[in-house]
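All chains are identified by letter, namely A, B and C, in their written order; residue positions are counted from 1 within each chain.
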Amino acid sequence: MFVLPAVLLILGFSIFPLVTSAYLSLVRFSLGEGGYELKFVGMRNYVRLFSGSQQFHFVGVFRPPGMISFSVMVAAALATGWWLFSYLRGGHRSLVGGIGRLITAASLLALVWLTANTVGHGGELGSLMVTLFYVVFGVALQFLLGLGLAYLCTLPLKGGRFFRILFFLPLMVTPVGIAYMFRMMADTAVGPLAPVWAWLGLGQIAWAADPWLARIVVIIGDTWQWVPFMFLVLLAALEGTSRDQIEAAQLDGASNWRIFRDVTWPSIAPVAASAVLIRLIEAFKVVDLPNVLTNGGPGIATESMTLHAFIEWRTLNLGGASAVAYMLFFVSTIACVSFFQLVVRRARGGQS
Amino acid sequence: MNHMERQAPRPSHFASSTVPHSKSVSLRNVSKTFGDTRVLHDLSLDVHAGEFLVLLGESGCGKTTALRIIAGLESASEGSIYVGENDVTQQLPRDRDVAMVFQSYALYPHKTVFENIAYPLIVRKRAKAEIDAAVRDVAASVHLEPQLDRYPRQLSGGQRQRVALARAIVRRPAAFLMDEPLSNLDAKLRGHMRAELKHMQHELGVTTIYVTHDQIEAMTLAHRVALIDKGVLQQLDVPARIYSDPANLFVAGFIGSPPMNFLRGTLANNRFEAEGLTLVADVNHHGEAVLGVRPEDCMLVTAADGEFRGHIYSVELIGDHSLVTLNVGEQQIVVKVSNMFAGEIGMEVGLRANRERVYFFDQRSGLRIRQC
Amino acid sequence: MIRRLFVPARLDEIPIGTRVIAYGLLGLWTLVVLFPLYWMAITSFKLPIDVSNGPAYVPFIDFKPSLDAWHYIFVDLGPDTFRPYVNSLIIATFSTAAAVFLGSIAAYALARIEYRPPVAAVGLGVLMLAVVVAAVGWGGVDLRIAVAVCGAFFFLLLRPIIRRARRHFANDDILFWIISQRILPPVVTVIPIYLTFKSIGLLDTRSALIITYATANVPIVVWLMFDFFASVPKEIEESAQIDGATRFAILFGIVVPLVAPGIVATGLLVLILSWNEYLFALFLSTANAQTLPLLVAAQNATRGPQWWNMSVLILIMILPVMLLTLTLQRFIVKGILVGAVKG
């Protein structure tokens, strides 16, 4: 049969390892004579991540709670509560939908709580938050830049073709290569931008030693690589917008901004949502950039969850590594499925 | 045709949708070039206020381009456009006070019918109450009230077309521009909508410029028809005269179904001669010419009684009439006869034509040679 | 006055003010795209002293270009450079071929044949898998015995389940499941895969990576090729069927030529993904099956930032891909778009 080989492969290399990984996350790995030994320890690996010795690594360090974090929490709780409530009162209710939204709401609240309590003075981000930072800000930045560039390329300017081919380039460069390229560029002493840093008075700052600067550099590298993807997809979507509708709006008297808001944006919404979803799925897996660019440093400041798992594995903590990997799996699945249900579905539904 | 002219209507007092400020529209020496191709040649037209003018021609003749130039969606390479007294040649579409109904309707798919119709007013920042009243008023006049909360994808083709119309009406523009609005409808609906459009234009009294390739639409809807071929205006006249007094070969052959018969021959000494026929022609012209006569202006008689003769090539029963194709020399002529006609293929018959309905055209230039 | 700059002078033209800003922004981004690549290219021609003296921007003016680094990488390190290069080539080519082949067949089947696996049967399969894992890990049962026993159970119970099954999965569900494999972070599966290959003795071999990459990329191939296959009108195949062709003949003789651009685009995409892949190579290879990304990453560990040598390495790593892409970019764009826009 045709499908069978593909299905078997996936079974063998996805489902089987998936289940095995789950099991591994529940054991402790130790090297004995002649081989290794796996001892079942239940949820201990997970507990260590969240509140045990690995808490600083995964969740982060908590800062002393203050008024701001408290009020942010309350506001978020109220907002999510209201959202859930209006869903339950609305027309299209279903058990699966309700449970799904509950999970999404709970995750969102946990996220807000985490953000409020690790960001800022006195707190440190763990790999969970760092990964989310990369995902949210990275994808948002790539989307905005991609949209802007695509829009510019739809204007009747000379050289449009040239720009399109050119902007496509970064997508083809190996991520490891990109990491080194940017490391070279960001060198404050001998890099090409050294004169700029000196002029700005930042010449002595070693970005690699500051957690936030290091994270920003990672995002810069990530953005450089992925903007072309957004650019291509959004350009195609923009060019697919019905010219008749735009002209009708022009005749109706709408300004360019209004036309974008009322005609173009709704037209590209489904494609844009799908593109963002694809990018989200990939963004959670980022590992080459933080590994090569900053080696996860300073300390663990730029470690994504995949990198975190790799480091655990290198120290032969198979159980811990699997636990982190599974957490990544949960988080990315919840995020992606939520995004799909709430955003992509709605964007798709609005079109005739 | 019984009546010779249709009057442009006086503005009626139809609810509050009357457009008191309907204006004239003029094209003065407009030319348009796309790259190397000249699409419009020195086109000049004056559309009177309140008039229904149809731009008629085949695909690619430039009529849609002319419409889009009036709308401001394309710029004229040469010439100027006037709406009323204003030179709008350099103005953006939204400043010209014209509304357009697109062939594809161009409805906004994610807005309800109400929001679609209201859009021109929303963009002009009118008061909410005013918008509401205006939209409901217009919706009532096109019978769309029950559909106001629906989305375009839930409507039929005819309903969508009415939404597009309503959106144009609600602005009370100086002129309507319509780009083949009926071509996406099926034949039966098209006939119905033709009547609706005619009625609506009469009630509203808005200057309307209507583009189509369908001569039936042109003849039934227009106060005047502008026939365009390859970017050049062929004739601008009321439908009756377009039909009965064509200016050239193109006009004569375009209007009329079945189309006018053309016979090639020579004019000399007040006589038209072609193989198989000779006809007295009351014209002062010498040279190669074309004789034109409509199928319905011919009559079949016995071979002896005819002005000229031919052999029957085929007989087609249409329903209420039949069409007989005759071989006259090397050429063919089609004649409309009663559905009781009982001729056989190969039979020799004679032809008589209504003298006043025989036209002569110069073969080279295509221009009509008029009787003295 | 400033306003006037942004109002179009003629109807079809863009106002000057807008044009300046647009070109400015586009030019800025062009610089952003090209500068890092340019910098890396010229660095590969620099001597160590050129680099540590501070930034030198233009060859021949700021510094004297030399082929030292290139010489070092290709000659001094010769075999150490060629081995990963050849590895990458072989692994990428073979895994792409396998993935495209298997994935296309699966996509074709999903586009044409109706599958209806009963929900219960799938559940049973997963259950048996879990039992195998638990038995081996917990109870210390030998892998082969566990597989044999569970396999037997599965097949025994399959018949009655199929007969009584009421809820079924459809093609759409299968497609969704295959595509959702992408969400799975590879790091979750990499450790068990490592253990598996270790126990078979296939660690640090090219075959391991070929198999792994092929598996990881099959979902993408299925996802992209499904739309291509679905767009082939059924009538063409039906007329071939009437003419007496077998399914294989129809697939290879008629359908494949029609979707050839799709195959090229998908193949290119997968090739690039395999060429650039880092994580699995990191876990599964050390010396023999080292791929280019690993080589580049390893430089850091052994020698510290020797930018000039690194630049050479990175250049030879990305040049083939870039050249291939530039020549065939039209296909890739279409491929990505079909998947993104439809999927």
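Details
Everything below uses one rule, namely that contacts are C-beta pairs under 8 Å (C-beta built on N, C-alpha and C of every residue); 3 or more make two chains touch, one makes a residue touch a chain.
Predicted model, so just to flag it, every value in this text is computed and none were measured.
Comparing the chain pairs A-C and A-B, the larger number of C-beta pairs in contact belongs to A-C.
The most distant chain from chain A, with centres taken as the mean of CA atoms, is B. The distance from the centre of chain A to the centre of chain B, each centre being the mean of the chain's C-alpha atoms, comes to 59 Å.
Between the Cα centres of chain A and chain C there is a gap of 19 Å.
Chain contacts: chain B has residues 72, 92 touching two or more partner chains.
For chain C in complex with chain A, the touching residues are 14, 18-19, 22-23, 25-26, 29-30, 32-37, 39-40, 43, 51-55, 57, 102-103, 105-106, 108-110, 113, 115, 126, 129-130, 133-134, 137-138, 174, 178, 181-193, 195-196, 211-212, 214-216, 218-219, 222, 272, 275-276, 278-279, 282-283, 292-293, 296-297, 300, 305, 307, 310-311, 314, 317-318, 321-322, 325-326, 329, 333, 336-337, 340-341, 343.
Touching chain C in their complex are the following residues of chain A: 1-3, 5-7, 9-10, 12-21, 23-24, 27, 38, 40, 145, 148-149, 152-153, 155-157, 163, 165-170, 172-178, 180-185, 187, 189-195, 224, 229, 232-233, 236-237, 271, 274-275, 278, 281, 284-285, 287-288, 291-292, 295, 305-306, 309-310, 313, 318, 321-322, 325-326, 328-329, 332-333, 336. Of all residues in chain B, only 71-73, 92-94, 98-100, 102-111, 119-120, 123-124, 151-153, 167, 171 touch chain A in the complex they form.
Of all residues in chain A, those touching chain B in their complex are 242, 244-245, 247-255, 258, 262-263, 266, 350-352.
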